[in-house]
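Take a look at this one; I'll ask things after.
By letter and in written order, the chains are A, B, C and D; residue numbering begins at 1 in each of them.
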């Protein structure tokens, strides 16, 4: 078990967790101070040009875990969708994600192939018993050495708060280390109610994508452990990248972009190019 | 051979070519109007958190070609560094890059493992004869169905203009479809001299990374075929992504980022999420 | 569409098809005369040390298609299990398998994750309508340029002959180019009955794993198009490999194996090592 | 550091090491009693249908290490050719091989791209100083947690015994944990002389491909630590696989192969199919 991540979750201090989509974004998030990272399924799919509906084969997820954790030191929690099938694919993925360097894996109680929570379309929940079986299988396969987060989509598909709480309880009893409670409302009220009723039975993670105008103190007061900013950096990157291409295409010059770009030297510094020059002296080349 | 790319090169109209680093950036570049894309070695390395010194295994380049060309329709020219070894690795890569969807491949006359042209450190040129052998091997292996660009780093390592011209001639004679002439000066003068002396013996591509304040009309007048904006979008993305993480970390809220991010709906639209909903109706789910 | 494979299927001459599990076995099968190859899910899983229950991520299947079709010239039919999820994963896989060099793809009407037909355990059929949707989606996604084989497991799970025939008809109507009818009996009778009732509505492929003592003339008389020897070469390889290791371990010498091994020169010749020596002369090195 | 492998090497008891080429062959070797495995470059290349000349990208080597070590429990020594370039690629590979589960990595003192030792063609040695730099870089990058074997090809390229000994000494001084001394003679004499002169300065591994009629007691008496049977199982597999395809093609029946194949049940047992059935009961499905 990654002690750092467990410790972060146990604090219950609404620690911000950065959604990342490749090793570069992970390095940037770490550099800005984030203590934990979330490998976002939406982010990873989008950078590969595919939809967040299990269009990306799951060993591309493993490969990205590998590159991210080779490039960073803070714990990585991986969005593993529904576990890519049943308890067996879920436990195999968990074991391999741990080998690849993940601190934790999060699975959600929808059916495979999943569809993004905000994508519209048909959204069906798995039975809580089958989902609990996945959680137990993942725990057994990783000997408790991987932090397992169970995400319930109950509120996303329109089920009741009672259903959400019941599912969260079943998942925690099955061995989930934390619960991720997702909401599509534009206010924090639903999550607030959940937190009161849940009463800290296990650490809780939230993803304020739709209720993103909430005052941050409310997260802290609610006692959530982690707040995932899942896709904001991706969306900022898309805007800036599009603007850069637009300007380059129109002007055939980057002059107008100068203040909006880091330097080539900054890029080199990000991947520690200096070390290579020093190593050439040390090891010959 | 990809007729579109050949046609673009034959125009000699300084067509802008967008440096891309993953399928997402490729889609954004295409959407902004670019008619051709450059899969940048620096960009690809950086997004994987590694250095532009052949630290990334070359089948990760092939995999990215695959994702990029599945997501876009405009021709993709691939930065293949030195060809990953000798004539044999170069021709195998060329054949596989073509299978993966590349329109063209560019190799440079440095030694493997290469180091980024602007990275400092030791930079050695390959012998022109050995490099010509690589070009011939790549052409033979792809039956003339892949556009082959020969990049000379002569001016980068401080060789004379005569050496640059001699090498370009040898490479064109060996079957290169175009020449990429690289310069590290901050003005266009060196390239301008090259173009006059070269006299359109074969199409020419340039990469204005250091002489990026040049007026775009000079590119056009010089008769170059393509102008690669290799890393500006990456650098803009790094700045915006860093700023987004900084803001999220400090504020525990994306409110200050609202004007700097595209919406989640825009992300969905980029990968055509609507088609999936329609397909569910058509094919059942 | 791969004309060779279509022509083979249209002959209805019980053409033998070799089950292969990697590029090496594919080369060996081609060398022995086989006109078509079957990339076996069981074979591919087993060589990776995993179970034939979708434990292998599907992009490892794509990668193997790539290596096999780069090494051989005869058409490759790919065992794609259930299509790795729903119509959407099935069509994405089909499109990518075609890009990777496959002549055809076969999907079966069980639910994902699948279990090997002979593995015992729970075996459930998909609804014929949903499965027909997968077939239509695969056809539309590949513009009729990929040979699509629909495999019904009706007889494997104990459904009636009528159910098998009904499903085959629905699948052919949905655009399947051929039907694969699977049986777990130890005699040919069941398949024989199927063929009579089917009346050549579309080409048929069979896999005589359990009824493997059938006289080959019966396959021919029945009018089947292809006979897949799915796993026999793998099983022979496992026996010989085990015996080789046993002998080496006990004797600390390969002397007793001499007559049971090809030479190193044969290995070199299989991958055409001579061409590399010739190419060194031609291209320099 | 993998204590098991170190212990095996320190014994100096000519422990047999099985050459393997995929997870399946690794499982078979382990089942027959081998205490250590060698992931053979020739074997891995051949199963992918390519030549042992760095035609296979090195991340396919990493992927195979991953599958092999997930399927077996005995230590795996990896044939890393020349380290895929310079000290930098060598150390990156070493670090990633360790992450993927390797117990040790072996590099040889030829130039990249390498050619198989028995393939004829040009064979050039790297300078001993540069090679020592690679060894030091690999050791530093893995903090002494990976067993590093330095292979000298001095005797293969026709250099003197003194040169071989000098190189071995330089490599051991640079931190190599063991030396692999390769010979292309058909008798053991050359290795015998090496061992006498070497005087157990560090553990030694040998690969009796050409001198394979040597009595095994000579290996033991010489004090070598490990004896790699690099390609015999592959060669036995090729013969048996070819014969199986030949018989299937000619007979359209496997009847003649019955005694030469393991059963399907054996294949299932190899990958522990029973556990999956039990797990379905335990976790639901």
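By our rule, a contact is a pair of C-beta atoms (placed from the backbone, for glycine too) under 8 Å apart; a residue touches a chain by one contact, two chains touch by 3 or more.
Note that the structure is a prediction, hence the values are computed from the model and not measured.
Enquirer: Please decide if copies chain A and chain B contact each other with the same set of residue positions, more than half shared, or with different positions, and reply same or different.
Expert: Over half shared, hence same.
Enquirer: Please work out which of B-C and C-D is bridged by more C-beta pairs in contact, and write that pair.
Expert: Between C-D and B-C, contacts are more numerous in C-D.
Enquirer: Measuring from the mean C-alpha position of chain B to the mean C-alpha position of chain C, what distance in angstrom results?
Expert: 39
Enquirer: Per the centroid of Cα atoms for each chain, what is the distance between chain C and chain D, given in Å?
Expert: Chain centroid spacing, chain C to chain D, equals 31 Å.
Enquirer: Which chain C residues sit where two or more other chains touch them?
Expert: 50, 53, 70, 86, 88, 276, 285
Enquirer: Taking touching chains as linked, do they make an open path (line), a single closed cycle (ring), a hub with spokes (star), an all-linked set (complete), or other?
Expert: complete
Enquirer: Spell out the part of chain D that touches chain C in their complex, as residue ranges.
Expert: 14, 16, 18, 22-29, 31-34, 42, 45-53, 67-68, 70-72, 115-116, 118-122, 209, 212-216, 219, 227, 229, 231-246, 248-249, 251-255, 257, 260-264, 266-268, 270-273, 276-277, 280, 285
Enquirer: Can you check the complex and tell me which residues of chain A touch chain C?
Expert: Touch list, chain A to chain C: 50, 53-55, 57-60, 62, 85-86, 88-89, 92, 112-113.
Enquirer: Could you pull out which chain B residues touch chain C in their complex?
Expert: 66, 70, 86-88, 91, 95-96, 99-101, 129-130, 133-134, 136-137, 276, 279, 282-285
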